[in-house]
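Below, chain A partners chain B and then partners chain C, in two separate complexes.
Entry: the complex of A and B
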């Protein structure tokens, strides 16, 4: 069998084996490829960081995603929560999917392990699961009064009685709504909450959806976005080099790789935990697999064109 | 102990799913059906306890908030879908839901059309805005089929195809990244949580 023919008839299971090896090796022996941050991620980080230490401002994290997309989105959940807990930023968490409520619990408990001083209903408040059908009344109602629109937290406590709500009334006290999902849920926040009340919205999305948000980023309807595992890896890095070092965000520093490497040396031990580096370690495997896929595409195309030429020659004869 | 059992079950089911890469087999079928059943089994009681009880039953029957009878009855009408004779009644709550969709039309128009158009009307003073302007106009004209795509007009609309191809390429690249990320997530679970090779 000729090379061109073998390229076209290669059993796909060989490709799966090569891909599996390309994923497994970098995960067991991390390469440590550098992570370069991009503007949409930096914008979100800076926007959230701007309310560090303020009692009258908070962010809302909407976890409307299920476990199926956790490999991409869960590192984002952890990175944003860690940023907020480290920099004393108030967080509200909510999900319009039942499965999302369990993910909120998991993420909060994982990050809280390393922040024993952070207290529920004082530093953060979990609104828990709210039915999908109540999405619009809640989104619109929060523009007037968050406590009235959401009513209770995940433990069934009335929001109006909670200490975290003392200085927080409505979207005027919300710095940004971060929608983390594998769907176009972020669009709902733009359509209802942003269009009517002007609240800033950002998204953390699966990579499949990431290309669709660029028109909304360009218009400023999304103030930032985290696209797939790469976006999560970038946010993890920004939290490590700035928040964990007690530094203010600086775009110039974030893009100076020498400064970044130096900043990594000073981060506390808890930032080196595997759970806070999952996206960056995953990006090693991602990079290797991308190179492999590019090679496969090139080889496949070479095989295709060679076969076309052979057939043309046969036809001419 | 319970966590360890959970990890072993998750690892077994992951391997069952991966076995499909070799070929379709009973292990894959078992895991697939189990997934559908468990998802529904989780969803139904969770929704009952976290949606029906706190938002319908408790306010209506315990707190006597009788105004909720109206949405309650509208919701109940959906159940007529199961009757071939009275299924027409279920169209009423559907009609009501469609009315709710109508509420979003003006806001959607603003968010997805007007704001996007406004950014097309900025001064063409940098290369990005010029590219976006040319891309938008050429793609819009490409989908205008009342004039034959010939001559200069045809050449201009073919620029639209190039812009779309770049867009499709970006989407494909992101899709590859998404699928590989899911694989990475599962391998991280197998090597880390299950086998303990990654700490």
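Entry: the complex of A and C
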């Protein structure tokens, strides 16, 4: 078999082995590639951070995603929750998927471990799972009265009696709805909650979905977005260098890598925990895999053109 | 009558919703309130229907010993066990329900999704070919975006992330918006066809 032919007929199992090694090695031995922040992520961070310490404003996090997309989306869940708890920002969590409700439990308990002063129903409130069929009445109903639309939290307690709801009535008290999902669920929030009540919406999406949101970002219908593991890594970094250092957000500082490196030196020990660095460690593997896929494309094309040339020669003879 | 009554319901509710969106008034707000209450009652029935349908399909598969009927036993067992532990011990952190979620659902789900990386790598080698000018443009754009979305791109030159942003913000955005407009117009046309009774496939079967 000729070289070009063997290149074309390469057993795909070799590709799988090379890929597996390229994924596993950087996860076991992190390389520590730098993370560069981008505008959609910075916009979301700044928007959430603007209500730090306020009792009359909150954010809603919609965890309508299942465990399949957790490697990409779970670091976002943790990073945003950590930002809220660190900066005393009230947060509501909800999911229209049953698996999403379990992910909320998992994320809340992981972040709460490091914030013992944060209390359920005072600093945050988990609305839990609400059936998919109720998403429309809940999204629309929250425009008038959140307590009336959602009724109970995940423990079955009436929302109207909870301390967190004292100064929070409807979307006027919601700074942003952050939809974290591997689907176009964010567009439902735009169609029903933003179009009718003007509430700001942002999304956290898997990388394959990230390109879909650009038209909505340009029009301002999404005020920010976290695209895949990279978006999560950027948000993790912003939380570390600003929130964990007790600093106000500054775009200029966020993009000055020397300042970022300096800021990392001052972050508290709890920010160095593996669970808060998952996305950045994962980005090492993703960077290597991207380069590997590019190499595969180039090698595959070299084989293709060599084979084409040989066929042409054969035909000429 | 079997077809006319549902069609009448669709037409009346469709017109009422159009009126609700375009004519803001107290009557319109009251209508929405009424509709919400009905949806809250009807919505959860979908879950009952879904569970019933799932049990029926897999029960029949097991009964007929259809190909791969063993998987149906696993499905039904998972349904019964997860529901039972959820009802008995609750679904909070530290319960058997969360143990099942963390040790079965999470790794199985992640495994399925991560297979995508292997398929993409294999497809990159076997199928992404610069066979035409269009395919070559696509390949070059893909390579730039792949590099621009990781820090290696920035390390090579700041132009790579800049070009990546341009690709996503200009050609990608234009194409997506074109598609969205087409889908939007299509949805409007289909909704009108359903309301006017031209499109009847949602009624299922024949008379």
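To be clear about the criterion, the second predicted complex is superposed on the first by the 317 of 317 C-alpha atoms of A that agree within 3 Å, B and C clash if a C-alpha of one lies under 4 Å from a C-alpha of the other, contacts with A are read in each partner's own complex, and residues count from 1 in each chain.
By our rule, a residue touches a chain if its C-beta (ideal position, glycine included) is under 8 Å from a C-beta of that chain, and two chains touch if they have at least 3 such contacts.
Just so you know, these numbers come straight off a predicted model, no measurement behind them.
Participant: Touching A:190 in the superposition: chain B (first), chain C (second), both, neither?
Facilitator: The first partner, chain B, only.
Participant: Go through the superposed model and pick first if A:306 touches only chain B, second if only chain C, both, or neither.
Facilitator: neither
Participant: Is A:16 contacted by the first partner chain B, the second partner chain C, both or neither?
Facilitator: Both chain B and chain C are touched by A:16.
Participant: Should A:137 be classified as contacting the first partner (chain B), the second (chain C), both, or neither?
Facilitator: second
Participant: First (chain B), second (chain C), both or neither: which does A:230 touch?
Facilitator: So A:230 meets both chain B and chain C here.
Participant: In the overlaid three-chain picture, which partner chain does A:278 touch, first (chain B) or second (chain C), both, or neither?
Facilitator: The first partner, chain B, only.
Participant: Quick one: is A:25 in contact with chain B, with chain C, with both, or with neither? Answer first, second, both or neither.
Facilitator: neither
Participant: Touching A:70 in the superposition: chain B (first), chain C (second), both, neither?
Facilitator: both
Participant: Tell me which partner A:52 touches in the superposition: chain B (first), chain C (second), both or neither.
Facilitator: Neither partner.
Participant: Of the residues on chain A, which ones does chain B touch that chain C also touches?
Facilitator: In chain A, residues 16, 19-20, 23, 68-71, 99, 101, 131, 133-134, 136, 207, 211-212, 215, 218, 227-228, 230, 286, 289-290, 293 are touched by chain B and also by chain C.
Participant: With touch defined as at the start, can you tell me which chain C residues reach chain A in the complex?
Facilitator: 32, 35-36, 39-40, 42-44, 46-47, 91-93, 97-98, 101-102, 105-106, 108-110, 112-114, 117-118, 120-122, 124-130, 139, 142-143, 146-147, 149-152, 154-155, 161, 165, 168-169, 172-173, 176-177, 180
Participant: Over in the complex, which chain A residues touch chain C? Could you list them?
Facilitator: 10, 12, 15-16, 19-20, 23, 33-36, 38, 66-71, 99, 101-102, 105-106, 108-109, 131-134, 136-137, 140-141, 149, 207, 211-212, 214-215, 218, 227-228, 230, 283, 286-287, 289-294, 296-297, 299-301, 304
Participant: Which positions of chain A touch chain B when the two form their complex?
Facilitator: Listed in rising order, the residues are 13, 16, 19-20, 23-24, 27-28, 68-72, 98-99, 101, 128-129, 131, 133-134, 136, 152, 156, 187, 190-192, 194-196, 206-208, 210-212, 215, 218-219, 221, 227-230, 274, 278, 281-282, 285-286, 289-290, 293.
Participant: Note which residues of chain B are touching chain A in the complex, please.
Facilitator: Per the stated touch rule, the residues are 21-22, 42-43, 46-47, 50-51, 54-55, 100, 103-104, 107-108, 110-112, 115-116, 118-119, 132, 167, 170-171, 174-178, 180-188, 191-192, 197-199.
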